[in-house]
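Notes follow the structure.
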Amino acid sequence: MVEAQLAVRDLHGWYGESHVLHGMSFDVYAGEVVTLLGRNGAGKTSTMRAVMGMLPKRQGSVHFEGKELIRLKSDRIARQGLAYCPEERGIFASLNVRENLVLPPKVKDGGLSIEQIYVLFPNLKERGNSQGTKLSGGEQQMLAIARILRTGAKLLLLDEPTEGLAPVIVQQIGNTIRKLREQGFTILLVEQNFRFAGTVADRHYVVEHGKVVDMIPNSAIERNGEKLKSYLGV
Amino acid sequence: MFELIGVPPQALFAQLLLGLINGAFYSLLSLGLAVIFGLMNVINFAHGAQYMMGAFCAWMLLNYLGVPYWGALVLSPLVIGLFGILLERVLISRLYDVDHLYGLLLTFGLALIIEGLFRKQYGSSGLPYANPIPGGANLGFMFLPWYRAWVVAFSLFVCLGTWFVVEKTQLGSYLRAATERPELVQAFGINVPRMITLTYGFGVGLAALGGVLAAPIYSVNPVMGANLIIVVFAVVVIGGMGSIMGSIVTGFGLGVIEGFTKVFYPEASNTVIFVIMAVVLMVRPQGLYGTPR
Amino acid sequence: MSMSRNWRTLGIAAMVLLGLGAPLVIYPVFLMNVLCFALFACAFNLLIGYVGLLSFGHAMFFGFASYLCAHGVKEWGWDPLVGIAAGTAVAVALGVIAGAIAIRRQGIYFAMVTLALAQMVYFFCLQARFTGGEDGIQGVPRRHILGLLDIANDLILYYVVLVIFAAGFLLVYRTIHSPFGQVLKAIRENETRAMSLGYAVDRFKLIAFVLSAGLSGLAGATKAIVFQLASLTDVSWQMSGEVVLMTLLGGMGTIFGPVIGAALIVSMQNYLASLDEWVVVIQGVIFVAAVLLFRRGIVGETIVLLARRCQRQAAGLEGSIVVESAALDRRLTSVAP
């Protein structure tokens, strides 16, 4: 049996006093695109932040390529080869586009070169000297994804990359994710939009109340449409 | 010789130079404060004490170890910067999760301790420090002492160097990004706590460098930093701590304004910066270069 | 609620008894010194403890009022009470000006702005003719109050000062427990929300600032009469720092904390006066220790300790002090930018 690249077991997490993750368990295999689906406040973003070591208090086990991450600080976790693209994109206003792009340090060999990134996202090349936050929402999202491709990280954690974007931009992002998959990246995706998720992912974990309640392979997503609708409350 | 509004030009240029010197110290100190504040949200009240320690360190290096001024110019900021790093690691870092006012109170307490200890040991009358480059040039309209010219030029160089590092290098982009969202920068694989520690050390080192530069001009005195730091706070409020270049421009500019006030209305020279602060607060509360929030 | 009220009544009763009886055993001038600083600290606490504004320039009100009172009584032959009233009035006026400028910034900036404004007042006092420069105003006569009370007698003056302190303390107490005080607390907890509820936040802050400034002036003017002296010390930044220390040590946002903090610091200065420079060092050490080890101050930490014990004894019965002190703790320990 192949060992999962990322194996999360019984992950608990807290923001201050409030207990937000109640024993998340899931696997992501190398080269897969896997989504965490769920309603607002189900604990999807918290799961990503917990994996990245950004929750102040967490318990359980996060194995990445056989190494335990739960006790590492987030900069050490990133250096193992995980990269995080936050929900609000996290583009820095005091940095221009190019500075934003080259901000994350290289953590492993094998990341994309700047040229390869510009092939994927031609807009960014033209806007290199603009202030990061002057870009449109879609461009900011592209930039947020682009900058973590340079680092050599193998596992990308993308938190709702389609949120608040126009359908045509959402399509572009879908294309990008499929291309990244072809290039060998593993991707963990947080989504609320299961129709979009169905166009890019291999498997879907459904999250409720800080726990995984179901796993649906993409091939079965049509059959489970009604069930998913009730999970997501749409 | 011509006269300007009844003021002899010698006096005017002498005060302009003095203003630039003061401005150099305002800039060096407010720059350090701004960099520290940006990353740590702590106003370093001990900044004046650390400036004083820089001057004393130079004095001790000379009188106990025979290290000349030029050696002290490098060593003193390093030693005092390391002391700052120790302070940050042992004490200040415990306060990042609580209200920022506690950082102010803690560093105020540290300033009292440091200044009290130095006063206990060295009295408050001040110790002389010989001018390393005596002499000067007669420019016709004024006499320019070499050392003072050196202080202005070197401070400007250090300030602009800091600006360059922060605004134009990769290290600087880490710093700017971490000022905005430290937790995200850390999740990119950068050891932000270590960066904070080093930044504090750097800011403290800048203050100490100011102290070394000041030693041959003013006497080395345990209270030399205490009054200066309050003026620097006003400078920082006027500038707004939003931009590095803003700190530099505000520092030198206010030094010059203060110098001119000494010529035209000496009674107000001590208070002019505070008056400007009050006016700026009424017109533009976030400061000249600050962003409203 | 009733439990915390009981504690408060007990505290006030103890203070009244202590205040009345203390001069029988303790040197009255020392006690008057404590009372002046206790009033000063209570006035300061009104801002930091109940509005969340840290002023680092309160010496400007304390010191300037003391100058005006001393000058009026000495040079213009004022009745001491007129001097004290005039000192208070000028502190109020200064408070309006300084407050209007300072409340335009919050948090750390507010502290820096007040510090700088106070330094401006300091330089004014250093240069102005009526203040006597480095010497200050010495030998302020202790004239009969209203031609009747002979305050040259320390004991009589002590009771006058006690009445002034009690009046000031009660004013602070009433303010905190009035609807106005509730709004102040709401502003401290969450300024944006208070604003969205329709409160003119800046006006509330300014009124609190002016009240605090006036009471600081009352304390400073009274001190000028007691010591027959007004000097630069009282208007210096060190004095601003001292009142912060007293309040921090006793407990910010507690009723009795500032009084206890003032008593401790004044006693320390009194008994360690011979060590001169060390006093400053010790003050610095107390600052550092208080910030790192007992942020709620002596009274605040005691309240929490007692409340925890009560909770353990009668689980489920949560005293309002717990809530109140926890709320303060939250504000002072969790405000993020």
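The first chain written gets the first letter, and so on, giving A, B and C; residue counts start at 1 in each chain.
Rule of thumb we're sticking to: contacts are C-beta pairs under 8 Å (C-beta built on N, C-alpha and C of every residue); 3 or more make two chains touch, one makes a residue touch a chain.
For clarity, every value in this text was computed on a predicted model and none was experimentally measured.
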| item | value |
| --- | --- |
| For chain B and chain C, chains touching each | none |
| Chain closest to the middle [Cα centroid of all protein chains] | B |
| Centre-to-centre distance between chain C and chain B (centres being mean Cα positions), rounded to whole Å | 32 |
| Centroid distance [mean C-alpha coordinates] between chain B and chain A, Å | 44 |
| Where chain A and chain C are represented by their mean Cα positions, the distance between them in whole Å | 54 |
| Contact set on chain A toward chain B in their complex | 52-54, 73-75, 77-79, 83-84, 86, 90, 92-95, 99, 102-105, 107, 148, 151 |
| Chain A-touching residues of chain B, taken from the complex the two chains share | 170, 173-174, 176-177, 179-181, 183-192 |
| Chain B residues touching chain C - in the complex, by the definition given at the top | 37, 41, 43, 91, 94-95, 97-102, 104-106, 108-117, 119-120, 226-227, 230-231, 233-234, 236-237, 267, 270-271, 273-275, 277-278, 281-282, 285 |
| Residue ranges of chain C in contact with chain B within the complex | 54, 56, 101-102, 104-105, 107-109, 111-113, 115-117, 119-120, 123-124, 126-127, 237, 241, 244, 248, 277-281, 283-288, 290-292, 295, 331-335, 337 |
